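Shown next, in structure tokens, is the structure this report addresses.
Labels A, B, C and D are assigned to the chains in the order they are written; within every chain, residues are numbered from 1.
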Amino acid sequence: MIKAGIIGSTGYAGNELVRLLMGHKDAEIVWYGSRSYIDKKYSDVYRNMFEIVDEKCLDDNMDELAEKADVIFTATPQGLCASLVNDDILNKVKIIDLSADFRLKDVSVYEQWYKLEHKSPQYIKEAVYGLCEINRESIKGARLIANPGCYTTCSILTIYPLVKEGFIDPDTIIVDAKSGTSGAGRGAKVDNLFCEVNENMKAYGVLTHRHTPEIEEQLGYAAGKNIKIIFTPHLVPMNRGILVTAYANLSKQVTYDTVRAVYDKYYGNEKFIRILDKDICPETRWVEGSNYVDVNFKIDERTGRIVMMGAIDNLVKGAAGQAVQNMNLLFGLDETQGLLQVPMFP
Amino acid sequence: MIKAGIIGSTGYAGNELVRLLMGHKDAEIVWYGSRSYIDKKYSDVYRNMFEIVDEKCLDDNMDELAEKADVIFTATPQGLCASLVNDDILNKVKIIDLSADFRLKDVSVYEQWYKLEHKSPQYIKEAVYGLCEINRESIKGARLIANPGCYTTCSILTIYPLVKEGFIDPDTIIVDAKSGTSGAGRGAKVDNLFCEVNENMKAYGVLTHRHTPEIEEQLGYAAGKNIKIIFTPHLVPMNRGILVTAYANLSKQVTYDTVRAVYDKYYGNEKFIRILDKDICPETRWVEGSNYVDVNFKIDERTGRIVMMGAIDNLVKGAAGQAVQNMNLLFGLDETQGLLQVPMFP
Amino acid sequence: MIKAGIIGSTGYAGNELVRLLMGHKDAEIVWYGSRSYIDKKYSDVYRNMFEIVDEKCLDDNMDELAEKADVIFTATPQGLCASLVNDDILNKVKIIDLSADFRLKDVSVYEQWYKLEHKSPQYIKEAVYGLCEINRESIKGARLIANPGCYTTCSILTIYPLVKEGFIDPDTIIVDAKSGTSGAGRGAKVDNLFCEVNENMKAYGVLTHRHTPEIEEQLGYAAGKNIKIIFTPHLVPMNRGILVTAYANLSKQVTYDTVRAVYDKYYGNEKFIRILDKDICPETRWVEGSNYVDVNFKIDERTGRIVMMGAIDNLVKGAAGQAVQNMNLLFGLDETQGLLQVPMFP
Amino acid sequence: MIKAGIIGSTGYAGNELVRLLMGHKDAEIVWYGSRSYIDKKYSDVYRNMFEIVDEKCLDDNMDELAEKADVIFTATPQGLCASLVNDDILNKVKIIDLSADFRLKDVSVYEQWYKLEHKSPQYIKEAVYGLCEINRESIKGARLIANPGCYTTCSILTIYPLVKEGFIDPDTIIVDAKSGTSGAGRGAKVDNLFCEVNENMKAYGVLTHRHTPEIEEQLGYAAGKNIKIIFTPHLVPMNRGILVTAYANLSKQVTYDTVRAVYDKYYGNEKFIRILDKDICPETRWVEGSNYVDVNFKIDERTGRIVMMGAIDNLVKGAAGQAVQNMNLLFGLDETQGLLQVPMFP
């Protein structure tokens, strides 16, 4: 039985991690960390857990936790994990960081986009970017996993095969992404009040959103060169779900079949990636509550471009589900263990 | 492995039954019935099931199904199950009817409230009302289960202990119920369009809703006499969830502790009923996707009344989850098998 | 041209007051008060007002405002208006208080339910309860108007005629009310975040909500005696709208026609109260954005009770619209001036 | 007083037209056409109009209507207006067609994208495309106005100045548009049920949506050549609002100030177009219920592209509001008459 500790268990991603781990037969939670709710019963913070979780919330003591746990999930604001991690801890326990601290290999890019000084740049190099379908083998031996961002997971998986195979010009990529509001976190802000989000649609962080360099870095590896994209996130009045609509110029003559073959090549055996039938567009409702990524594409012969589309549940494949998938890989379990929830509709 | 057939698998309750049975380790679905979608792939009707269910939809042939299945779920409009069932079928297979055909013992009450002639009144007597927490023992030996209505499940379980123990005057009961829109079904009606339901709240079926006599009958058994209540359903702009706010005159002097003791007496050992802590009101978000019923109460000394509150997921405990719970009882399985989903929030 | 000042102009009710007054041909706003946003452009707080309102927010200086304005609206937290008002001010300017400070005639009831010391109880007696359809004549000569609460407006107007005429036993009244989330205000609280409210339904303030004594006092006047009711508010995932479903025991034999005649007697000539056709239930969508109150009722011969229903837009008839209606009465204008918005649907 | 007839008054756009015309001091409605609801009271179809509109719905008799009305609005499915219009009618009455029948100058493009034979191509040439801010002068003398589509209004106005001034390469334009569900109409379809739309986000009509050639034609006039764009509409779980996020390659070195100057040049005096302050993104909530178009842009020096954004209320500026604006122009009224509603929030 894997002993798991969660630092930041009372955010939405933390609570989703609890939900998933409660249904995981080889893992148990030994630490419900939450700086904001120390000594408060977890189920008083998230009443869905009433009579399911009896524990109280504990402080963010990573040293103590490293003694008790086999794996630590940090579902915390940027900067915290980097400030807590050290060699002693990494020698004792696996760390799966749901924040952005170890996602970007270039510390100056991190500091520029996040406006934060990185407290432990010495671990950036060894950290493995935990996008399981792409980095599966490297993940298995890692001590420190940088769990990908929600937008980035959906964006990269939607686009990756066509960049990797050179079907599109990566510098023409435009990612227009739409997210449910749970992605904005549980902090009490006027902008996220019901009446402000409901009956509204807006772009935000235009040209400055922090997931931009993360997508660029990962797709850059696939392209074999540095690339620059446009990434525009939007806030949608729904709880869960990310939809990505991505555009790029085709680099060659293609047909439906040749493009489909590329997606099949990379994802045909992937349990969690569903390549939809021709002309079926991904929709967030069909993946809600599950670890699936639904992808598809449409070729525009009129303009010589392609539209690529993907949908995930931002709290599952975009956060907690992928973190559990990484845990499964780290501990040699079946990668799908605890992650076979059927999407819940409606 | 229990072989299950579903007649009416493409309604919302049918789809939820599929979701739950896919996660049930002792059951498999052998028949996806759907008169409206014969020969269409089930996952083309419900794309959450893509790469999960490969079968096509079949016609409503209960005779053929009775040969293949151990249990048949009928998630169909009122009248259909009563028109299909016969002795031959009942001797071969268990039937769990999610419609109202066998819920009311008095056929004239059925015909009056449902404006339908009952096609097989001879089976009404033997049918067992499948409210598991109350009729557990009778369910176990039944051939035909009348799975309770969504509103009724929530209403009865919220009120039952206080009627049973004579703490309230049953003829003063008022049930003000609020339901998510999935309760209205998947039929294409203007009234259920997004723009008609969203940003709206309304009562409907005031004093005429068909769940009224069902609640009256069941609470009448607890009271030991015929009773008359007011039941008012409301439509809420959300997908899932029923909230019941019920009112009644107290029959005696009570305290929080004496009332709480009554709830504990009936529900203290019930896995799926959670009696909330003092002053915590049930909310639908805390039970979403799960088979839980959250209940609580508040005594009004000023008026000598009590407010009783309950919350369920209408598609789980209010329909498919309770149907699976009944199946578990019928087949001697652990009653919670396949039903331990942690409520999903947000 | 009436010069209006608003203290608390950046809450939802304040913003609605601005919207309505911008369309009022005989009034102009001279003061946009907002302690939280002093010196910030009003249209930076509410961008719907971009290029419509150019003014900046000002402090809550009622003395200065009394010099400049003919009427002051206080759309502020409880206690503020009572702490600012004095004889000098009341001699110069009309005050329409949207808070609860002057709604309850018995200061001890106020202090008990609001847990606040009342700072100017000497003005309670002269303040007029601004429910225009009932207190029209008294309003006209007042200096200080206590603008009714949102729930109370809808509850009282729904029930009033039947209490006044003795058709129901007022001590059996149960008001089950449902409100959109704008009623909870624009404060940054976790409980009002989109993800907490969306896909959820809950009761709150059960048996303790402060609108209870306000309804009791006003309906008590109609009954000619003190009464005690149950009032239960619920939060609904929508922006605007209050729906009231009220129950009471009938005091006499009635028919649809006799009850209808009573509603007609009191409301037949009221522009803003629409008595719906038989069997049509009020719905919040049909009044959204307007000052209308839609009411109806249904007699339950089975139980000897009546169900009374009403719907309003909580920000219009439940707050800003009624405040403008009071202003019109105070200044001798047509009562409907600036309030003839057609309800906006969808 | 202008006498207005509405054919198709019971769709969402028709009802919005009624709402706006009820508040227009120089117009009155003389004909509520609705083939689906003939002889039914209009306020039984749209209960917001109870006690406001007393008329019954009438058949689509354009000949008779041409005798009674000064202007006819056709808010009907594609093909209907083209099948009814003739010289006799056009000589008697102005026609403002809210359908697409006369928007495209090339009848073959119409027939290809709409899969319909055009029944009166002889009027296409004289019809004026009623995008008031761009075609104001031509509108004034027209007999037949092609009222622009909702997506197209928002898309064109967002992009137009930069195409007109040659700041962007028009063949690189990508329009990613998001619409509330009222844009899908009031027809009873499963896809538009509350539970299908709520908690979901999807693209639809990818590369095949009929507003594509309309945008291309109009922006082509600005560019002075034929252009090809990508247009992707998305369905959002909200009632009203369209948000456009558009991308294009810059044709030259630009700064914020030079681009801003171009927007100011074209829109600086336009009442209904609000160019937002630097870095403020348009949001649909800020224009709801009003005829405003909020626009802004952001330059991406990293990629040499520009992001252009716009927001409208699809039922007002995207349909009924623009139709009234066209009526005002046709009849020589103040263009803003009846259209100065302050946006309603929340």
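Keep this in mind: a contact is a pair of C-beta atoms (placed from the backbone, for glycine too) under 8 Å apart; a residue touches a chain by one contact, two chains touch by 3 or more.
Note that this is a predicted model, so its numbers are computed, not measured.
S.K.: Would you mind naming the chains that touch chain B and likewise touch chain C?
M.R.: Both chain B and chain C are touched by A, D, going by the contact rule given at the top.
S.K.: Does A-C or A-B have more contacting C-beta pairs?
M.R.: By number of C-beta pairs in contact, A-B is the larger.
S.K.: Taking the mean of the CA coordinates per chain, how far is chain A from chain B in Å?
M.R.: Their C-alpha centroids are separated by 37 Å.
S.K.: Could you tell me the distance, in whole angstrom, between the mean C-alpha positions of chain A and chain D?
M.R.: 38
S.K.: CA centre of chain A versus CA centre of chain C: separation in Å?
M.R.: Using C-alpha averages as centres, the distance is 46 Å.
S.K.: Which positions in chain D are in touch with at least two other chains?
M.R.: Residue numbers touching two or more other chains: 12, 182, 195-196, 198-199, 237-240, 283, 285, 288, 346.
S.K.: Given the complex with chain D, which residues does chain B contribute to the contact?
M.R.: Listed in rising order, the residues of chain B that touch chain D are 12, 181-182, 186, 188-190, 192-199, 237-239.
S.K.: Show me the residue ranges of chain C that touch chain D in the complex, using the header's touch definition.
M.R.: 12, 15, 18-19, 22-23, 46-52, 182, 199, 239-240, 274, 276, 280, 283, 285-290, 294, 340-346
S.K.: Which stretch or stretches of chain B touch chain C in the complex?
M.R.: 171, 174, 176, 178, 180, 195-196, 198-204, 206-207, 228-230, 232, 234, 236-241, 243, 245, 247, 281-285, 288, 298, 300, 302-303, 305, 307, 309, 311, 346
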